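Presented below is the structure to which this report refers.
Per-chain residue numbering starts at 1, and chain names A, B, C and D are given in the order in which the chains are listed.
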Amino acid sequence: MNAQNDSLRHHCGVAGFFNQEGENIPERLFYSLFSLQHRGQESAGIAYKKDGHLVVYKDLGMVSGVLSRYLAEQRVSTVGIGHVRYSTRGGNRLENAQPILVSCNKGEIALAHNGNLSNARELRSLLESEGSIFQSSSDSEIILHLLARSRQTLFYDALKETLGLLRGAFSMILIHNATLYTVRDPSGFRPLFIGFKGTTVAVASETCALEVHGIQDSREVQPGELITTDHEGTRAELFNREGTPGRCVFELIYFARPDSRIFNQSVHLTRKKTGAALARCDNVTADIVVPVPDSGSNAALGYAEASGIPMEYGLTRNHYVGRSFIMPNTSERELAVRMKLHPVKEAIKGKRIVLIDDSLVRGTTSKILVKLLKEAGAREVHLRLCAPEIKWPCYFGIDIPTRKELISNTMTPEEIARFIGADSLMFLPLEELKGCLDDPGGYCYACFNGQYPVPVETE
Amino acid sequence: MNAQNDSLRHHCGVAGFFNQEGENIPERLFYSLFSLQHRGQESAGIAYKKDGHLVVYKDLGMVSGVLSRYLAEQRVSTVGIGHVRYSTRGGNRLENAQPILVSCNKGEIALAHNGNLSNARELRSLLESEGSIFQSSSDSEIILHLLARSRQTLFYDALKETLGLLRGAFSMILIHNATLYTVRDPSGFRPLFIGFKGTTVAVASETCALEVHGIQDSREVQPGELITTDHEGTRAELFNREGTPGRCVFELIYFARPDSRIFNQSVHLTRKKTGAALARCDNVTADIVVPVPDSGSNAALGYAEASGIPMEYGLTRNHYVGRSFIMPNTSERELAVRMKLHPVKEAIKGKRIVLIDDSLVRGTTSKILVKLLKEAGAREVHLRLCAPEIKWPCYFGIDIPTRKELISNTMTPEEIARFIGADSLMFLPLEELKGCLDDPGGYCYACFNGQYPVPVETE
Amino acid sequence: MNAQNDSLRHHCGVAGFFNQEGENIPERLFYSLFSLQHRGQESAGIAYKKDGHLVVYKDLGMVSGVLSRYLAEQRVSTVGIGHVRYSTRGGNRLENAQPILVSCNKGEIALAHNGNLSNARELRSLLESEGSIFQSSSDSEIILHLLARSRQTLFYDALKETLGLLRGAFSMILIHNATLYTVRDPSGFRPLFIGFKGTTVAVASETCALEVHGIQDSREVQPGELITTDHEGTRAELFNREGTPGRCVFELIYFARPDSRIFNQSVHLTRKKTGAALARCDNVTADIVVPVPDSGSNAALGYAEASGIPMEYGLTRNHYVGRSFIMPNTSERELAVRMKLHPVKEAIKGKRIVLIDDSLVRGTTSKILVKLLKEAGAREVHLRLCAPEIKWPCYFGIDIPTRKELISNTMTPEEIARFIGADSLMFLPLEELKGCLDDPGGYCYACFNGQYPVPVETE
Amino acid sequence: MNAQNDSLRHHCGVAGFFNQEGENIPERLFYSLFSLQHRGQESAGIAYKKDGHLVVYKDLGMVSGVLSRYLAEQRVSTVGIGHVRYSTRGGNRLENAQPILVSCNKGEIALAHNGNLSNARELRSLLESEGSIFQSSSDSEIILHLLARSRQTLFYDALKETLGLLRGAFSMILIHNATLYTVRDPSGFRPLFIGFKGTTVAVASETCALEVHGIQDSREVQPGELITTDHEGTRAELFNREGTPGRCVFELIYFARPDSRIFNQSVHLTRKKTGAALARCDNVTADIVVPVPDSGSNAALGYAEASGIPMEYGLTRNHYVGRSFIMPNTSERELAVRMKLHPVKEAIKGKRIVLIDDSLVRGTTSKILVKLLKEAGAREVHLRLCAPEIKWPCYFGIDIPTRKELISNTMTPEEIARFIGADSLMFLPLEELKGCLDDPGGYCYACFNGQYPVPVETE
């Protein structure tokens, strides 16, 4: 489920560093953002304290291309934040790249934000009516306007006042003066971690961005928590204890890196569990379990173990096909898939295959994959998805197609199987998915069941 | 007077097009901005109406590099504006590139602005106190905030209200909805022209940017004038009839292109007149008149004619040395000058030279030039400047060094002559400069005499 | 076994197309070379017939970056060849990029060559003594000199004469006039395939580069075979029937893409077999089998199946770390490995691990991997290599470090285990490796046993 | 005479440095090549001794873009050469960029060559028949083949033997071992200078490339001279005393930089003389003399002085229009000229103009210029060319269009005047041109009179 235009896409990853004694903050941010590259590949940026002022460097492109040059020389600093981003609908505009750096009556503020506000339209409309101007289409600019307009004298009070106005998803990091502020919304939609090593305090969307620096001592930022890090140390406060839990279950199913641990669960092990759960619901007769690499790999391991059907690498993936690769002269989806995923003929010829993927969006990629497998000699292809049927849009930072485009809104599983040419098709039931989670009450399942943890602005 | 760090620098040039019937607006802007390249070489950008919305493309770099790619395909539009820019102190940041495009309660607004507000600090401070955020260090963002905050319902009224708050220099062009607004401040510091050809209405900082399109029917936008161009035609109004005249005399002396006609005067002929005026005040005995190319070329022609001393090209210029050329491994000014200006030994050997340049800032380049000429065999070098002594900073859009750095604030002409090694040195007296102007009462001479036409915020 | 400086590296991949009726040959080559990107990532190039002449486009960089722009427009042609390349010792020079295009008394010739000549020094020395000049350090230029110097009147005869002088590895493709020539050396060191679809004849190093175009009807070019393709069709001849068989076993173990079928064997299945063979020789007690991704992935599957020990993804790989990624400010190998391979703590904590990789060169990467796994909680790490000990250099196109740098030349397996911190270590015995091959007599095992199929020029 | 496609174009400029004590040779070459940029703007390159070997860096583009990066670090060397180049017919191919570096039986040789061999086809044909291969279409590769094939044991002898075989134009510089060889053909078609300062020996196409380093002590390399520079010093020998003199008079008329002194004449003063000579032949009644900048500037000064008609800058040039500027979306010549040359209306309105340019090729640019001037109000335009009618192609390094395209081969001066819309037109008679030269017998006038100093290979 990962070819062009047929995937769920994340909006962002964030990272931040504070070290009272000073260190090469841009380099720290570089390695953390590089580890979060899977969360956003269209723009990258850093902001940090330099010679008494905040500076920002950002551009369209991947971390390596955009930020390498800023690492050529040592730049000692005490505090910095960084961001990677996917574009939303409406194109990949530089104006939307983050961090955003502004100056206002509170002084200079830099912001890096992961998530979407669910009351963005209301807030923006209010701010515009009071005379605010917007230079981007990102929700994040709203937050800075609210901060600037707050009549609170202390930045900390203004920040708390602002947080009280925000609804939806916001795992975010700010710099004001020499202080680092770390915030997670009361529902905890997006993951966010804080870690410590020596005098370094590090914040990041996933643990993998801390572990690349050897930072093992880390904890999840709590939903509704506001953490302040400055020369006096790190202090935490719950600014809102009443959020409806809303951790994004798709972070576990698809987005996060398998070696990360988020929401107190190992991503890899959770995916294995979904595969095993799927196997337990299933009674298909098959010769081999074949994962769609890489999105179905971890779950397939669990399915194979639980079902006793041996795993086989029946599809290989060409990792040179990245998002940055635009295939010239072709809008043909089939060639796009063919360049990326390759059947291993000798391994699948004559075999009955259980094909494991994470989820189904439009179904177009799966249709081509089934075709490739059958052409390569597969006798049967049984598609198994480690998530329930996706039927509802996300308002909290995942770029899900419109309801009409979601295949599960227009076809039954049987119809889908016929459409994509599979011999059978099964989704993981929602209750089974919940069974794979330690704290099933703590999650948002809105894309499956339409029950949004917080009110949303429907169109 | 044009080697690195020893020159006056302009901030901007602007251009705009409106054609009710639609045409390739980006291409129009490209050629006009290319013709204004001498007014700003560090960033370039265009904003235009596309599919019902305003879009903006801008980047650091020269017009050709930044904008060529947007011309590959036909883009029919009815209205667009463009901008070229030098960076001010504080570095060449993308955030400061123009046009600026914002959305606010008035809808989408795009702005391209040439000039500096002389009450920028006051306005910014006021706006910040009311909660505005600033993403750049340019004055132009202030104007957009004021527009957004105006309680006037009609954009036109909001614009007039805003113009009433601005002090200083603002030749600017805006797009709101499908309408093009052209504004020049009441003192008329910076030039601005409007021209007509068929259904095309064109606006630009200098006539050369109109003539490249064969637009001959043009007039100067009046100081204090606000011109509205939409599907009903073009209407002009004087929003302020009481401005103290303040045309920038340096536009004629140095900035504008010689083939432009600004402030109702031919730039080339005015420069010739200053050279002739200088010659009339002078009684030096010399063999040849040598211009410093290109800044002294036009004036030298006038000096030679008036004095009867023959002109000689004793210095040639390497036009491959542009602003984009960063000489590697050297901070040495002498090499910088040597790469750019070359004595023609055979032409100057044994000669007594009248060396003509436009003005003197720090004097460092002139010192090297005199040295090069003498090394090449010049018997005497008499430096003549076609402007009075520069002693005061500019608050209206010219990047003049601080008072201390201006050589005329620390030395008498005789001392300067000794410092730079010239056998004599003469500035054009202010009264003589005025004599070269048709309307001497209409100009700002503040950089010479400290008399600013409007109040300024001194540091 | 794939972090920087601790890997075997391939030199090249080649592709060629002929279609009497004309088609977009550059686009064909683009997709084939993209599929061969794993065989060479430092330069890419194509040569094809255009308007009656051969043209060549090549540059340093990956296929996508170097060749995309040549696909913007339709370019119908009848014949073309392409090449991807790693640099050898001595740096990555553009001069060494291929195809090479020359003109000589035979007319224009374009050449793309995979492999190294084992009598290169002798031939080059001879040619230089007769007055030849060399503009690159590649062996391939030698072949073109020999062709030009041949006194044979017919190109075909000159080519056969030249082939008679070459020793070592040469899978190569040439264009002369409008004819495509495909050649494989008598030992068959490097793979080479020819396929047919409609009027298209395609040649490539691996089947995956044919299958991306849906070309299923293909066969291996035979060792010692010379195939001519022109408007009269395709004709094959064995120019040398007496070559000592020398297929490179490392193509199967490590280089080729898992979905390719080379030397009449499925790459993926062969790797599974080596894993299974290893398991059969092994009697270690362990909890999980962990592959080093991606080099050990296929074999691990075989090991797990044969041993009954469950496979677990204990290491994940960051695929954004490509060869093009130069880590700024660090020469530290550990950070390089840490950026690329990540332990999945929850999966390996307290576990006894069988770690599967393909082979061992210097051992430096394995040492870091074992450290990372133990830090992440692994109780025991037993390293298993699916190849015998590498002790000898390759003269046929694989970039193996010097004998001294090969860890197996300086330590016993027990010493290596201690050096890298593994609890035990085992290589696949050579006889077992042979058991995984359908035709064990057809291969070169020189890097393991020093028995070169053809004489070599030792230093 | 300098808009696209309507100009004579040079092929090359060369530079070389030797310093037994070592210095930053790449930086030296950079500044010299930058000063020679007017001689070639399509590729640039340097070769120098580094760590005991010759290395070469070259690419398509201007000096600043191609070579800046090689100056970031100090690179001490004892010897190096450089080259700038225009492409000839057949496109701008990287393969043709120089210096060329080869290895052969004489060792490593690097070559930078300015000029065209007039027996290139014969030599190439001979070499090909003996088995040589050519990787470029440049004549220069021929020279290296001849060197390699020479049976002389000593390089110096091989070089002399090779020089004996060459006909036509070759100002060239070679490195072999640690020695710098400087050669000029017996006719002396192209200029070449050698200069000395301290332990530095410098060679360059024009004196301006020496003077940028402050090297004043220089002399012309003699026609037929071979100069050897090594650790024992600099030694000169005349390898051929019998060349028919053939200095290219167009170097003085158009190509060389005005501040250069070549062929023992000041370029600037010679151009003034041609203008003066033209004035003496002329009896036109006019108000002003207007140069076409920059090609007619120097001559116009001479014309104005001699005629007593005042010079006026009636045309200004936009120096941002360089060769690198490709105007998007237009093949329209008029827009190209309009972007580059601008009439100064106020200066020419109602005036009778003598328009001075250097020479006439196709006449297309002049036609547009006359139109622009008349549109701007000129009463009369009398075109004067400071060179005779160009009627013959050049075989020695100037890219002159074919005979049919040369307007002087199809029209009389009167017809040309009518064609371009001028009120009258005059060429400088050949005898008058000769009168401007100190040594008129020493020049090649073949493009005017068809009398080639050496036999040529006509097509």
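Keep in mind that, in the parts below, contacts are C-beta pairs under 8 Å (C-beta built on N, C-alpha and C of every residue); 3 or more make two chains touch, one makes a residue touch a chain.
Given the structure is predicted, the values throughout are model-derived calculations rather than measurements.
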State which chains count as neighbours of subunit C and simultaneously of subunit D. none
Using only Cα atoms to place each chain's centre, name the chain farthest from subunit B. C
Report the inter-centroid distance (CA atoms only) between subunit B and subunit D in whole Å. 36
Hey, how far is the Cα centre of subunit A from the one of subunit B, in Å? 48
Averaging only over C-alpha atoms, locate the centres of subunit A and subunit D and give their separation in whole Å. 60
Given which chains touch which, is the overall layout a line, a ring, a star, complete, or other? ring
Report the complete set of touching chain pairs. A-B, A-C, B-D, C-D
Which subunit D residues qualify as touching subunit B in the complex? 24, 27, 30-31, 34-35, 37-38, 62-64, 68, 71-72, 74, 208, 211-212, 214, 257-259, 261, 266, 268-269, 294, 297-298, 301, 305, 310-313, 316, 318-320, 322, 324-326, 328-329, 335, 338-339, 342-347
Could you pull out which subunit B residues touch subunit A in their complex? 56, 94-95, 100-105, 109, 128-135, 144-145, 148-150
